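This report refers to the structure that appears directly beneath it.
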């Protein structure tokens, strides 16, 4: 079997087993229990919650992220193993949504970690979540869910943005350089 | 050559005492002297039916000796039983000294002198063919152990050892006297015991006196204190080697002198004499209680001490059951215990040597820093837990089979559950000391310590592959007692219940390991630092230090259940003993000045009195 | 050398509800010290509300507590009405009661499921959340949304109930009543659950009020205190209901001295039954008429200056809104008192030391700590 | 005794809502007195930024289950460098509210050892709940200026 | 000379059975999730989900390790459980079970557990350490009733070899039909619940308390190996139960029926272990988990007490 074929088979099978990190970053987590239970039952598609990032493949950013949570999210994302996927949940991850003028929530998630897929809405309905998972599976099969590759490729840029956000200052990058000079 | 050997060893004692300020030279002298028993061992290999190449047996030792010492005589001779136990002692002893050569720095001369004296004493005990010689050497050994305990300087250890040591001596002496009045001789060969009550009492007293050294409950109290407050090489030899002398004595008196038919004449229960049954029950209780107590210890040495108590209980069970299967199992267990416990105590010593800590809760993460120590300890722990990839399993298996064969309904589950309990404390050592959060940036142990440990691991590997060899060694001993050796080949031991084939286990394991190795090497991996750990998402860089070692009070739920029963019991036992000791030795209390010189003078005086009494009598 | 090891329970941990963290110091299996870490969900609601006009805040407030958003809408609306001096139509009061009680049912189902799941009884959690979906269906029919309804407005409710509301709600209530015995048999009468939950996670009774414990947790400690009775709002003074409290546990056995996980679970199950009865009564007694005050200029309200504190009994405890107006178009200050503020920080930090780690997460969940109303 | 009897100058906003305005020094004493007189439930501690007056208003809310009455004890402290004595010994939850107000407004509570980072983490700017902190401007100047990740 | 062809056949048979064992184990994973989902009123994952999950874990592109001791976990857990499987009589095939006995299997079962514990400890995570502590205490807890009943049986049948035991039960003389061992089977089934780590005894991996315990740091291929171990452990442990009480599933004698007997025995064995596992799953679905000391007390008080009665019965029977 050629390497490409092998990769294709691997993707075809792996997409049916998406384990997500048990991390409720925001209010979007409220619609996760219904998705897991009798009416929607996402375990049908092999999706299951996992306790720790080491075991998981999918990181759901369920809603707005405060800077304090962003630090944890980055930590969790980096502890996950490739291939890993991120789904941004709700309007808040796209442009801040409801909290567009809040001083403590990030406005665009893709500046800090690569996002494979967004779900619009506040809050997204369970059907939308299921749809997103199915879409993600499709993307995985086609090899389009390459957020983790992007993170490796543009690691410096992501890190720079994260550093800025963590310090609530734009000049953080310069600060570090000055510190190094000293 | 035997007398010369004693002479040389005594000479070496004086020499090392003189070389107190040159520990390395003293160690070299002691190690050279310690090889004498080893040469004696190889020279006597013939009586076990083993023929060794001559370069392994450079010295020729006579197989028996009667030596007139003024009014008394020393009756010495080698027997298969003596040879077997000499094998345990003579091989572990030089290695303990080798370990000590880098470990002991403080007053080294005294250490080596004491060690050589204990070996001299036990050499004599193993060869003794009459009660008085036995007692003389036994006391030499006991008192030199006391000298070593005194070096530790712990009051509890000294008091408990002194009280139990004198109890043991007293019991032995009374037992011997009673046997003498009954039979009119001290010679083992001439003792023809009858079924009278006096014999029973005498025999019980002797076995009880020996059980003190074998740390059988409830006579074990001294052991944890002594084991945890003395230098490690000595403790390794004490727990590994010297404690076996008690069981040597039991085998000698119960099966060599009294014999199975005599024991059975006082009543039997399902073909097992009441005498043996009682010993087996005590042994099972010891195995269980020792294990439970070991689980609850935080001090590494105390844990190992209680573990010793527990493991020695298995030997007592085997001796108690007294079938060929059980005796082979007991001998096998004695052999295993000698080596794995020595390795564990030495590994503990090596850990202490590098970190200066004894408490399990204060250690941690040494597995990556001291990998070879860790691997030796790991192997020894596997042997201790009787994992079937070491020789430890075969011994326990023999004992289980023997117990089932004799339908020991209540003893067998206790033995088995004590075996499971061993996993608990075994993992406590592994996790608390070698795994978990790396807290110390230390080097690997010195080469001499590593060599000592790994040479002691060797027998565990050899007898894993060839458990039949132990059965071979046991065969002459069993035939002396008029028993049939158990059916075996080098790899397979067969009982009338089942068979155990080590080759099948090893090959299956290798195959399975190979498959899983391929599976495991399939994908690449990267090694991450300890800090990159699951902290529920908390970034570690936000914290200066995150304490992640859970070893303190590790088995708390277990202790909540068993603690109230056992700890209180142990405390009360200790109180009673202390009270008794203080009551008995109220006058002697003033003698405890705490100065080592004084104690040495007492010991010397005692020796003079002992020797004088023996010469004049 | 530290004897304790540090354990982080949350934010990425199955043992917490929502996004918060407990930093535990543990020795052996016993917790020695706990620090509650909050702020992971801080969005600065109170700051944002000062920037928005009175009406714009309605969609914002419901986001403060996700499992039970309607109490926020109700409390905020009541505070505005209080400052404005409005009296809302009778029918609106009944509709508010129905909505609030349905929300309580949903929240209790979630909490009871959470308690069961924290003990490993996932069946109850699955059933509970599954049944809660029927309640969300009702919300969807009435308000058009599953979670954030934005239905209760200052001056009443946005629109009247649909025509078939009564049948819809009654059907679901009948179903829930039919399911209740299952929950009881599998949870509250489960021998293993009783072993785990009785006498565990005790909030000292004599300290309960001083520590600011409210809601079911306070009632589990033996006080028959409920703000629906003490300060009736909506239509609670016109409906007849009981306040279950320790030791009056109805058909459930009294097994402990109260104030433990078992009692808190029992109280919640009993409250669900009461909620069902309240909704039935409200549906029956509901008068016809307007559901909202006719007041023009939604976006040009000027609320008279003053201070108002309004409280609502939520499924977790006292939910309070402190609203200050200077007579302008925007509030000067809106301060939210969430029940979890005391339960999650003061109470838990005090009762957790000495507890087994196994009991920690169930205790936290049985106190019904909901992080967004702590940090807002 | 009800609050009206204890403090005759208390002002009744509406039924069950009493408001008392006092000097900062007297707050501790009054809270203690109310606590001893049946006002056993401490509801919350609020802070209002009256930027035009240059003052912070601290409001201590208390409730009596017995009288079904809610008392707001209002006190004003200067906006710049204003401080207050902690009342954490009276009710434990006051400590938490003080931590929050310290972080969000910058009010110093003397005697509270747990002041410090509570909700925010690494916040380098002015306490955000102050009226002169413009969150919209901050968002525009900070979050919108963080560069996008450029893909080649 | 060693008969190389016979040896090769033997090795092929063993390898085939091990592969089949793993396949059944993976099937059980999907089966368990399906059954649980049905109780939850859900549809649940496809029955072949276990295969997909293991495949995915081994197909992960990057893996982390905490050093070589951590890696030992993967090796020892898979190898150890394979070893235990090989020494069991499975579906009428004796495999290597004539070369060892019940005690060997009990100790072989400890190899993967200790190996896994070694890896979990090496990760340095306190959650893992607490989980292992609980797992070991649980092991101590359920082993007591288990060994009591096993010892009673071994003394009653006067053998310790499982192969012999299965042979003695052939012709439908199953131990479970002996009234006293029927009680024994119930006791051992309770112990089996702890062995399988199903509720109320899934204390070691309690996600709400210690975030899946020993597995916290395992991901990718390490977790895959671990899952293989867990899945195979189900097969081994249920087979142990079937061998002890249900005659190993042997209903037809090979000498009489030839190859049909192999097929039928295999199917019966498979049905029986599925049944035993299904029972465990049902209990799993309706109970919360114990605290560890409660589990210890449960096993040592009630279960062991009942086992003691069996011991006494055998004791009386033997001495007559």
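Order of writing sets the chain letters: A, B, C, D and E. Residues in each chain are counted from 1.
Convention: a contact is a pair of C-beta atoms (placed from the backbone, for glycine too) under 8 Å apart; a residue touches a chain by one contact, two chains touch by 3 or more.
What you see is a predicted model; the values in this text were computed from it and never measured.
Participant: Identify the chains adjacent to both subunit A and subunit D in the sense defined at the top.
Facilitator: Chains in contact with subunit A as well as subunit D: C.
Participant: Could you give the fewest steps needed to travel from subunit B to subunit D through chains in contact?
Facilitator: Tracing touching chains, the least step count from subunit B to subunit D comes to 2.
Participant: Farthest from subunit E in C-alpha centre terms, which chain would that be?
Facilitator: It is D.
Participant: Which chain's mean C-alpha position is the greatest distance from subunit C's?
Facilitator: Farthest chain from subunit C, going by C-alpha centroids: B.
Participant: By number of C-beta pairs in contact, which chain pair leads?
Facilitator: Answer by contact count: the chains B-E.
Participant: If I average the C-alpha coordinates per chain and also across every protein chain shown, which chain's average lies closest to the global one?
Facilitator: Checking distances from each chain centre to the full centroid gives E.
Participant: With chain centres defined as C-alpha means, what is the inter-centre distance between subunit A and subunit B in Å?
Facilitator: Each chain reduced to its C-alpha mean, subunit A and subunit B end up 59 Å apart.
Participant: Just curious, how far off is subunit E from subunit B if you go by their C-alpha centres, in Å?
Facilitator: Result: the chain centres lie 35 Å from each other.
Participant: Just the number, please: Cα centre separation of subunit C and subunit E in whole Å.
Facilitator: Inter-chain centre distance comes to 45 Å.
Participant: What are the residue numbers in subunit A that touch two or more other chains?
Facilitator: 22-23, 37-38, 51-54, 68, 71-72, 76, 101-104
Participant: Tell me, which residues of subunit B touch at least two other chains?
Facilitator: In subunit B, 532, 534-538, 542, 548-550, 554-555, 557 touch at least two other chains.
Participant: What residues in subunit D touch two or more of the other chains?
Facilitator: Counting only residues that touch two or more other chains, subunit D contributes 120-121, 128, 133, 135-136.
Participant: Please list each pair of chains that are touching.
Facilitator: Every touching chain pair, ordered by label, is A-B, A-C, A-D, A-E, B-C, B-E, C-D, C-E.
Participant: Can you list the subunit A residues touching subunit E in their complex?
Facilitator: Those in contact with subunit E are residues 10, 13-14, 16-17, 22, 37-38, 41, 43-46, 48, 50-57, 80-83.
Participant: Help me check something: in the complex, which residues belonging to subunit A touch subunit D?
Facilitator: Per the stated touch rule, the residues are 67-68, 71, 96, 100-104, 106-108, 110-111, 114, 150, 154, 157-158, 160-161, 164-170.
Participant: Give every residue of subunit C touching subunit B within the complex, in rising order.
Facilitator: Its residues touching subunit B are 1-6, 8-13, 21, 26-30, 356.
Participant: For the complex, give me every residue of subunit B touching subunit C.
Facilitator: 361-362, 439, 535-538, 546-550, 552-557, 559
Participant: Which residues, counting only subunit E, touch subunit A once they are in their complex?
Facilitator: Within the complex, subunit E touches subunit A at residues 33, 37, 40-46, 49, 52-53, 55-56, 59-64, 207, 211-212, 215-220, 223.
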